[in-house]
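Next up: the structures, one after another.
Each of the next two complexes has subunit A plus one other chain: subunit B in the first, subunit C in the second.
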Partner chain A sequence: MTASVTRRAWLRGIIAAAVATAFVGPAAAQQTLKFGLAMPLTGSQSSFGKDQIKATEWAVADINAKGGVAGKKLEVIVLDTQADPTIGINAVNRLINVDKVPVFVTAWSAVVKAVAPIANREKVLELSIGANAPEISKLGDYVYTAFPLADVDLTALATYTGKTLGHKRVAVLYANNDSGVEAAKVYRSVFEKAGGQIVAYETYDPKATDFTGMLLKVRTANPDFIHLHGLVADMPIVIAQMRQLGITQRVSTYAGGYNPQMIEKAGKGAEGLIVTSLAPDERQNPNVGPYIERWKKAENRIPNGLPYTQYLYDAAYLVAALYEHLEKNKLPATGENMRKALLAVRTFDLPMTGKLTINDDHTVRKPVNLLTVQNGQFVPLTTVD
Partner chain B sequence: MEYIYSVLILIGINIIMASSFNLIIGYGGLISIAHPIFFALAGYCSAIVSMKFGVPIPLAIVLGTLFSTVLSVALSLPSLRVSGDYLLIASIGFQLGFVEVIKNIEAAGAASGLTGIPALYSGPLRSPAFVVTILAVAALVVWLVHRMTHGDYGRAIQAMRDDEECFTSLGRNATAIKVAIFAVGSGVAGLAGALYAHYSQFLSPEQFGIIQSGLILTMVVVGGMGTTWGPVVGALLLTALPQAITFVNLPTAIMAPLQGMIYTGLVLLFLFVRPQGLMAKKVRQ
Partner chain C sequence: MFELPILLQIGWTSLATSTYYVLFAVAFALTLKVAQVWNFVQAGVMGLAFYAMYAAMLKWGWPTAAGFTFGLAVAVAAAVASEVWGYRVLRRRRSPGLLLFIFAIVVAEFVAYLLSLLFGTEPQSLKKSLVSEVHLVGGVAITAWDLEALGITIAACAALAFYLRRTRQGQFMQAVADNGELAELYGISANRAYVIAMAIAAILVSIGIYLYGTRASMIPNAPLELILLAVIATILGGIGSLAGAAISAVFLSVLQSASILVIPSQWQSSLTYVVLFVVILFFPTGFRLPAWMAAKMRAR
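What follows is the complex of A and B.
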């Protein structure tokens, strides 16, 4: 059997397949208002990426069901980034040059940064929604975030810990990755400025399974409180090992920890855990309750990273508002006009996350919800403006 | 058009990577997985000397390439003297270790990645210029690997790979050949990395994990190990195929698993149907 498949036959097959795929694609062209969405569909981050994409796709369907934007249909073109910068560059090049989108939405800090030179060069509006590296606000004229960067929720959290809870000695533990390193720096500087003391500042490999060494150092430093900044995959393990070693101090983390998996995996150890959320909950926004119900009905679960999916749901409404501005002023749909539209409209009223104002320094501010774990449930603690 | 350029550039980079890796693993029989780290080291070195010390970019690229070459000797010399398996283990350590080192160097952007790397070319002809440069380098690398592995020196390399004891008994120095091809292969990977750094203008340690090693290995295996054109076809196929799939307008629920399965699927398919790879003539004994 092996010998019957020749080199030529293989090559012929490949070329035929390549030609065939090239023709299938552009068949369904139609006058729609397009925007790109470059997210991880595969790879380690795909469980979050897929839910965020679903949220955007729902929103696009909802907008179109109500008649679209100025009578035209909104269309989202989804491409996989695997949360990897190299693959992200290709995806964005394709969105800009093949699909000719004037605006695209992307997330994951490394991808946001890697594609920024393309957005600036090609003059296409890049909307970062979900990534929170503080550097994102300084990536150039065409890169804007519609999601509060790390300084917003960590400032609120560090201030709450120092002022309201009255803790003076805090240990900071962070995963040695993009998000962890930057966030730990922000937390330390805010907490120290407020007069507190960071008694331990330790980094760990998020792929590790044993954190005893680091945790023993923390125990020796004897902090009043612990701030942890990692991924949902590693944080419950860190907390569980903390409790085993007799470290009973209360722990806080960021929006990434607002995930039911934290409680499932860390069990009783998660009691008292403080997390942040940058999106309103069902009491603060009447649209959120039905949205969660929709997830339960369609997928039989709560989405991975609920607040992030709320922002991605709103991404479609944000883009729709930009297109509406262009249609109203009869401007062609170019990246330059998209950027102008963003700055002209500036304040958006979005269904899931409420009012959004784009600041001149490319940042946005949002009220920060603090939640805590009580009897195995996340319950609201307070809201910091 | 810009999109076609970016795919061509990626194909060119992957051809350089796969061809040079083929020199090491296919012709030399040296089992190493540290290929992407030499790409990374040269990229970072070139980016940093051009950003912090104002070295002109072409010179920075040369320095980056040399840096990778020198470090490859530092890896291969101690581990090759022993034997094959040690190289594999040392290369895993080298790969993982240096990624961690990069993650902790502030000047290299640490875990957040290095932004603002100057571009080699700018202006309206930027992308075509990159395409021409990278494809020219790729052609040169394929030619170089072909020249090295054919003729007298090529026969020596393959004799060393197939029976090292017999080769040594003829009075030839196996270690010298191994170190030489490892240095050339890694240096070429470094050149690709330095060019890439000044094209993408962004580097992050996450780009150079073990997954990258697997990807390049897949290109070599699918294309055909130990052949001149195998890695070229493998790089072309495995770079273009995932791109082509995105043009078939599939719903995301199908697209996601499909994208994820391409590599595994291809490797399994080839394992059964054509274990010698696309471009090899017959199954090697």
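What follows is the complex of A and C.
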């Protein structure tokens, strides 16, 4: 009898605990303010993706260490996109339908574009941070970028090449992918408008290993300068083969080339390479120095694509600011309210990249830092506003 | 664009680049000829060889020769294992050819997945710097890598030809390739011939992947794409013909590089698929000389 009572007591206890969990569970879950992060954890772009995720996770930890947002913890849910649109769609569907996030951050132009219809349909705020295809600004009401699009740094680069360096004949080489095709168009348009001439305009398969034919076309065109827009996996190979074929002209590329792997793999061929950076360096922002030191201490290296990681660090602060607005105005955390918050706050003061203003045309503007490779190191060249 | 130095440069560089395709194609054609399997496991063997060399040379700091030997040993062990514990078991069960094909694809995909778990998916190469020393000969840039790749490939193909024609075991392999059951009646072990064919193919792909890895970057999925060209070359060269596969690989490499002279660069990558389509549709048994021409050559 005693045993039976005990069993019943146990059973009651278990049921009571289950019921309590059912009610308390959601209440506890509400204490965390979730946002999604859909980035390449695997695949050829993972070296960038992993470092960007780490930066966001550090920022979330830093925000929570200082008390979170209005006393609530910020939580980031990370899913892999492999920088592939199809996998990106799966990841975002899960973030919206399973994890119920009202806002998510993603990157890589093809992924940003592929998931935009889902964000618009489900009325969930999509923040593109790192992708730079110009049409990202036209993807719909719920898609915003917090990263300057290709026209910003490529305009600065093409203008600098024509006006400051005085080059009139430029060859443009680009990887046959969304980012490469769009960026090459922007560069060509800006450079030609400035009175320059594009003497070779060639695309290549980023998975190829031999670029001789394309490079010989460039050699025949005899440009003053070469602009290259590819991925960090293929650009050093293109530069190495360029130098082997006796093409000695100076080369420029976008922020994707601001990566130690470029110098390591292209060796002396990378000397003189001009790259862009859309984030301030340690001279321009006192927070950047300690941030780089943190990387060196934690990972014993500088992150792949340092400026991108600065933006992804700030992504958490941007989302925190949106949540803070909702909490202050006692608004529920929906995608619609997130969008309203973004437009209401509009200007954000972020720790790594400074002031960010969301423009009405869904773009942002930033000063462009140009760096060059000198004696195997990236050194500052100039800043173009 | 059609000046002689440019044509010579494209010809030379694409010939040098074709070296690893030649080795992959000959290896693929050899296993198809002897063991009669579409050996997509070869993609997995390529991946294992590359990452074993990568780990030995760049992670553990072994000298190049030791690192290469380690990769070669891993590749041969994997290839022999796939024959003994894979294909042989399926043959003994009299499994249909389709099952062998599916087995090969599954193994190749599994190895790529395993390698991405172990080594990540960042592009890696076998040398820190991909820049090679250049010599200008008559306006044509010849790199140290080009010379090394051509020398090694010619030596490997010559050694294979010698082995198949001049050694007893090589002749046994030819006999098994012609008629396995008949060869067994004469006391030749077909199983032994299959194992040796797999091991030789592994040696060839190890050399090929070393050349590839010292010129370009590699990710775990890359061998699955590299093997596509080996398959096209094998079909185009005539199934069963190792020389045909080698010549086709050179032809495809030169065609892909030279095509940029006549077609826009964005179409260049699709050329492989166009060739595959044409080959399957019009030359399913490979490109052969017309009967009258072949007879005339035989008469000579």
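Following the convention adopted for this analysis, the second predicted complex is superposed on the first by the 355 of 385 C-alpha atoms of A that agree within 3 Å, B and C clash if a C-alpha of one lies under 4 Å from a C-alpha of the other, contacts with A are read in each partner's own complex, and residues count from 1 in each chain.
Note that a residue touches a chain if its C-beta (ideal position, glycine included) is under 8 Å from a C-beta of that chain, and two chains touch if they have at least 3 such contacts.
These figures come from a predicted structure and were not determined experimentally.
A.B. asks: Contact-wise, after the overlay, does A:Val98 reach subunit B, subunit C, both or neither (first, second, both, neither)?
C.D. replies: In the superposition, A:Val98 touches subunit B alone.
A.B. asks: A:Asn90 in the overlay: touching subunit B, subunit C, both, or neither? Say first, second, both or neither.
C.D. replies: first
A.B. asks: One more residue to check, A:Gln244. First (subunit B), second (subunit C), both or neither?
C.D. replies: second
A.B. asks: Look at A:Glu264 in the shared chain and tell me whether it touches subunit B only, subunit C only, both, or neither; answer first, second, both or neither.
C.D. replies: Second partner only, subunit C.
A.B. asks: Please indicate which partner A:Val379 is in contact with in the superposed arrangement: first for subunit B, second for subunit C, both, or neither.
C.D. replies: neither
A.B. asks: Regarding the shared-chain residue A:Leu216, is it in contact with subunit B (first), subunit C (second), both, or neither?
C.D. replies: A:Leu216 sits against subunit C, while subunit B stays out of touch.
A.B. asks: Determine, for the superposed model, which of the two partners subunit B and subunit C contacts more residues of subunit A.
C.D. replies: Here the partner covering more residues of subunit A is B.
A.B. asks: With both complexes overlaid on chain A, does A:Pro236 touch subunit B (first), subunit C (second), both or neither?
C.D. replies: A:Pro236 sits against subunit C, while subunit B stays out of touch.
A.B. asks: Have a look at where A:Tyr204 lands relative to subunit B and subunit C in the superposition and call it first, second, both or neither.
C.D. replies: A:Tyr204 sits against subunit C, while subunit B stays out of touch.
A.B. asks: Using the superposition on A, tell me which residues of subunit A are in contact with subunit B and, in the other complex, with subunit C.
C.D. replies: Touching subunit B and subunit C on subunit A: residues 42-43, 46, 176, 205.
A.B. asks: Please give the residue numbers of subunit A that touch subunit B in the complex, ascending.
C.D. replies: Residues 1-2, 5, 7, 10-11, 14, 17-18, 21-22, 24-26, 28, 41-43, 46, 50, 53-54, 57, 78-80, 84-86, 89-91, 93-94, 96-98, 109-110, 113-114, 116-117, 121-122, 133, 135, 139, 176-178, 180-182, 205 of subunit A touch subunit B in their complex.
A.B. asks: Going by the contact rule set out above, which residues of subunit B touch subunit A in the complex?
C.D. replies: Within the complex, subunit B touches subunit A at residues 1-7, 10, 100, 103-104, 110-113, 115, 119, 126, 200-202, 204, 206-207, 233, 237, 240, 243-249, 252, 255-257, 259-260, 273-275, 278-279, 281, 283.
A.B. asks: Enumerate the contact residues on subunit A facing subunit C in the complex.
C.D. replies: 42-44, 46-47, 176, 202-205, 207-210, 212-214, 216-217, 220, 232-234, 236-237, 240, 243-246, 264-269
A.B. asks: Across the complex, what residues on subunit C touch subunit A?
C.D. replies: Residues in contact with subunit A: 1, 3, 6, 9-10, 13-14, 17, 116, 120-123, 125, 128-132, 134, 136, 141, 143, 212, 215-217, 219, 222, 225, 253, 256-261, 265-266, 268-269.
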